[in-house]
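Notes follow the structure.
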Amino acid sequence: MSSAVPRDKAKVAAASIAAERRTPTVVLAAGLLAAAGFAVPWVVGSQLALTLMTQAVIHAILATSIGFMIRQNGLTSFGHAAFFGMAAYLMALNGKLDAMPAELAVLAAIAVPAAFAFFAGLIIVRLPALSFSMLTLAVAQSLYELMLRWRGLAGGDDGMAVRLPSRLFGIDIELFQAPSSMFVVSWCALVAVIAILTLVARSHFGVLTVAIRENEERARYVGYHTLVPRALVFALSAAVGGLAGVLFALYNAFVTPGALHWSLSGEALIMAVIGGPQAIWGPALGAVIFFVVKNAMGDLTEHWPAIIGAMLIVVTVLLPQGISGLLNRLNRLNRRSREAGKA
Amino acid sequence: MIDSKRATFLGLSAVAVSAVLATSAWAAKEPLKIGVPTSLTGPYSQLGDEVKRAVEFAVNEANAAGGVDGRKVEVRFLDTEAKPDLARQQAEKLALEGYNIMTATIASSEVLAIGPMLGRWNALYVATVTKANDITGKQCQPRLFRVNRPDYSDAAVIQPWLATRSEAKWAIVAADYAWGRGSGEGFRNAAAATGKTVVSENYPPLGSNDYAAFIQKVLDSGAQGMWVALAGRDAITFARQAKQFGLFDKVTTAGISFTTDGTVKVLGDVVKGINTIINYSATLDTPANRKFVSDWAKAYPGDSPTNFGGETYIGMQVIFQAVKKAGSVKPADVAKAMAGGTFETILGTQLMRKEDHQLVGPNYFGIVEAVNGTLRPAIKMTVPAQTATPGPDANCKL
Amino acid sequence: MIQVINGLVYGSFLYVLAVGLVLIFGLRRVTNFAHGSFFMLGAYVSYAAAAHLGFWTGMIVSVAALAVFGALLDRFVFRPLSREEPIVTLLVTFGLLFVLEDAVRTIWGKDYISVSAPEALSGSVTLFGSQFPTYRLFVIAVAIAVALGLAVWLRSTKVGLYVRASSVDPVTTAMQGVDTDRLSALVVAIGTGLAGLSGTIAGPLMALSPSMGGYIIIDCFIVVVTGGLTSFTGAFVAALVIGQFHNLGLVYVPEVASVIPLLIMAAVLGLRPQGLAGPRK
Amino acid sequence: MTTLALEGIDLTRRYGGFAALDKVSLRLEPGEIRGLIGPNGAGKSTLMDALCGRGGPTGGTVVFNGRDISGLSAQARRRAGLARSFQKTNIFPALMVREQVALAARMAETDNTDEVLVALGLLDLADRRAADISYGDQRRLDLALALVGRPSVLLLDEPAAGLSINESIVLARLLKDLASSWNVTVLLVEHDMEVIFAVSDRITVLNLGRVLAEGTREEIRGNPEVVRAYLGSSIE
């Protein structure tokens, strides 16, 4: 045994260095991707393409928030539109009531859903998976019904306009509403979200929550409290969903109860699962693909639901791990064959 | 059935199109591109179908006659599923693709979502079946127009009709959202003005599956008459269940959007004898309308235009005439020609008010009865345009 | 009093639809979002069949057609996916929902359809001094028949025993040598058949449209979750309680009636996370 | 007098009318390996649960290194240095081997992840997903999760279950090694008598929720009551 120790020590050292290297890599990759986003409006001239891409990216952020919840908590939210819509309505109501500066409202629109999710999470993350899903749905639908009936201030089913000041964070508000600049803003937000979530997932907290997802009892018997971390994941996911809602409200300057409806939650969930939530970036990819395909099919035929539905069935049956699962598998195969080649 | 109708229609129009193409009269001018963001799927797809057929009819008719102002008319439909967010997305897409003169969306909330963006997209929109007062009121826009009767016009029709009724006690059943609530209020005011009492007010949620609770409440209230503001699926479900409870036999029933051409076709005898506000009816006896109805029957054999179809056709007439008058398809020019202009529609000569962009037109009241052997809402009372479309909406600041 | 019976009607209707979900969830652990579409399909099939064959034959045709559909679905979709995460199957049912809606829209058109009650049930009877439609009593009778039929089947037959065992723990039951695949095909077929049945009884109650499933599926899931996911008795009690409170809500507090089922579910899960009759973990 | 590593006093737990544990008392000296045996349903796992704070309420007192921990949660007991492993392999399948051991280490005062990985021969598997390693390796990983952070007392519930004879022997040797070199006190439940008799300093026999006997290997082997109730003819 003693002779083995030096070799082991070397291995131990190598492994810890590899772990330390990851963080700068993530930051660097995120920086490059964000920078690439700035080039897009120059390459893509069409306003139409840019506005579609902007909407796709906003959906991608929502899908990412759902995917993160699945990945870290193993829980599926059927009502994530609640956080999206909550944020959008907070922006709109603040515009109407002038309760606080719009900059503060942006932060509040992210913080309030997060706080709400945290305290709700303390109660509901313990439920069986399907019950959790249904309760998130229940909360979202209750909010939907509330906004549908709140005619006085929120315009009921007619929705309400989001009144914004002429400058937000020192940036001309027009930039948040023109597709070419808003694409860059949303894209950077998406990249930042994915980078931050990736770092969180790799941190101790991320590993801990996956451990709890896998085996909550064992996590308790290695000494961890398991409730708060799960509620925190829910809160973080809600904050990201809220961010998507803020971007949506800025870009569209209009909110309706549809932003809380279960069909939006369902669609975002589909995007997340198609993309494969086991990779942080999977749901975003799924969202972009789903959005583009749905749009293209909608242009072609009014029978788009059948085509989308059939594709959904085929894709999930063939790729139960989602697109990211497939890419990861290909990547692994590729690496293995290269290693085999070397040997 | 529908398919064979379509096939005939397409066949006819293909002949017409090729005849005109031979002369290639419109090769030189920029085409008129009309975008229709409407409900092709989802809960309102049936209404979407009605307006779609009217738009297609108008476009084919115009092209067969050599186009509008010598321009070919092109049309593109995109699905909104009646969701305001999606409507806005699809309308933006249509506008950016050049289909920047738009019309025929189903839900008011969709139009209200599209309205504020029209300037940014450099587009124009003509509402044809959406009734929310705000469209030509609080939320009116320079590029937003409406040809159909708004809610306040329907409210204005209730009172003259109610004055002729002997029933003293009334109940209200209206869908629990802006339109239903607004209609309920309109009825309440009309009842107060004509000395009737409202003994029971019910606002069932949108998309209810069971109306028994409300039907029972109306039965228990001792009402002699009932005002119903339910539409589409809600209307059909309510009517079927109310009939089973014998409600229609016990109280005089009247409504808005409750018995439309579409719902009457589905419900048949269930709603026979129900009174209703009629915004448009194929039974209207004017020369222009008679011609429209007979041309429609040629294009879609065995069919006649529905209320929503007729209203949408009016919208198309207004667009075509405005384009001709402007001599341009640029939304800014067409809007200028539209505001304050007068238009020859199937309801006669009508003014598009420049103050609020509302087309001034008459409104009607009638009853569901057999016309030429088919059950449908038939006009019994005409409320002239000055009464039906009272002064420009003061909330609108253009 | 008559309002209580109205609540019972809606509860009965919910039960017939929701218990099919319980069956499918119990055996395959599938959260079947397409159940509302099966219900819709059942309504259209019975409408089409009834046009030629009458209401009763239409009902049989609809139940049979949906049952066959369910068996095929289990064989070609649920079984191959039984090893995957539940979310994957859920997504497939989402896809199915899209396809079925569009198929029905294409076949039967976008127009709403309204169906008359069969001659024998179209009258009304006097109950507590008011006229009450016979057809609504028939709906209650159907629910009772389904509940009794299921109870007898589950409690007194061998297959029923397997189903109950499988609902509690599919893996262990499979290890006991029970052919869960064949069992599942049967149970899923019964579940979808019940969707066909509820679609049929919905015909004379509500407007048929390709999107009608969406109006009912959420209430159904609420019933299933409140009842305890795999419990047949739980679903029965939950459906009746929710139907009752929903209706009373419409009578006394119509503004919040539509969230009452959600509140009941939240309250039940708050007190008993496993639902009314779910197994303790 | 030295403080006891772990002491259970009058531990009682009832399910309905049935007493799974009936006033069981147990005293573990520091560094001792105590075997805990008994027929199925004797209350061995329930005793483990009662000591580590799992499951329902328990009557009696648990004293750990001189401190009454009866009111502490399972998490708090683990952090204080009372660790356990499980009868059914209880690991985190989706995590890497190192990842999960490090995770467990973080909650303890000393991070000796590498030491534990080396000691249990898991270092070569450190970057593999736990779901992908063999059953024997998973059993050792389970042990590693309990062992990391140098707990002072280890409750091991059938660590040799499902292992081959050879693997069991290696495991037994390892336990003895660890107990002496790290000065860990071990309470070991095991069906494999070879392992029990090979490593235990003293043995406690439970039957029907009560302590039937306690003593050295030889005393237990020679106790006629124990032989009758449990060992039967299997010990020769």
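Some observations on this one:
First chain written, first letter: the chains are A, B, C and D, and each begins at residue 1.
One rule holds for everything that comes next: a residue touches a chain if its C-beta (ideal position, glycine included) is under 8 Å from a C-beta of that chain, and two chains touch if they have at least 3 such contacts.
Quantities reported herein were computed from a predicted structural model and do not represent experimental measurements.
In this assembly, the chain whose C-alpha centre lies farthest from subunit C is D.
Averaged C-alpha coordinates put the centre of subunit C at 49 Å from the centre of subunit D.
A separation of 43 Å divides the Cα centre of subunit A from that of subunit D. For this pair, subunit A with subunit B, the centres built from the Cα atoms lie 40 Å apart. Subunit D has its Cα centroid 77 Å from the Cα centroid of subunit B. Among all residues of subunit C, those that touch two or more other chains are 101-102, 255, 258. Of all residues in subunit A, those touching 2 or more other chains are 145, 149, 305, listed in ascending order.
Among the residues of subunit D, none is found touching two or more other chains.
Contact between chains, using the touch rule, shows up for A-B, A-C, A-D, B-C. Contact residues of subunit A toward subunit C in the complex are 70, 76, 123-124, 126-131, 133-135, 137-138, 141-142, 145, 149, 262, 266, 269-270, 273-274, 303, 305-306, 308-313, 316-317, 320. Contact residues on subunit A toward subunit B in their complex (touch as defined above): 46-48, 51-52, 55, 145, 148-149, 151, 155-159, 161, 177, 252-254, 256, 258-259, 261, 263, 298-299, 302, 304-305. By the touch rule above, subunit C contacts subunit A in their complex via residues 25, 31, 33, 77, 80-81, 84-88, 90-92, 94-103, 106, 218, 221-222, 225, 229, 255, 258-259, 262-263, 265-266, 269-270, 273-275, 278, 281.
Residues 1-2, 41-43, 45-46, 48-49, 176, 202-205, 207, 209-210, 212-214, 216-217, 219, 232-233, 236-237, 239-241, 244-246, 262-263, 265-267, 270 of subunit B are the ones touching subunit C in the complex.
Within the complex, the subunit B residues that touch subunit A are 40-41, 77-79, 83-86, 88-90, 92-93, 96-97, 108-109, 112-113, 116, 120, 132, 134, 139, 176-178, 181, 205-206.
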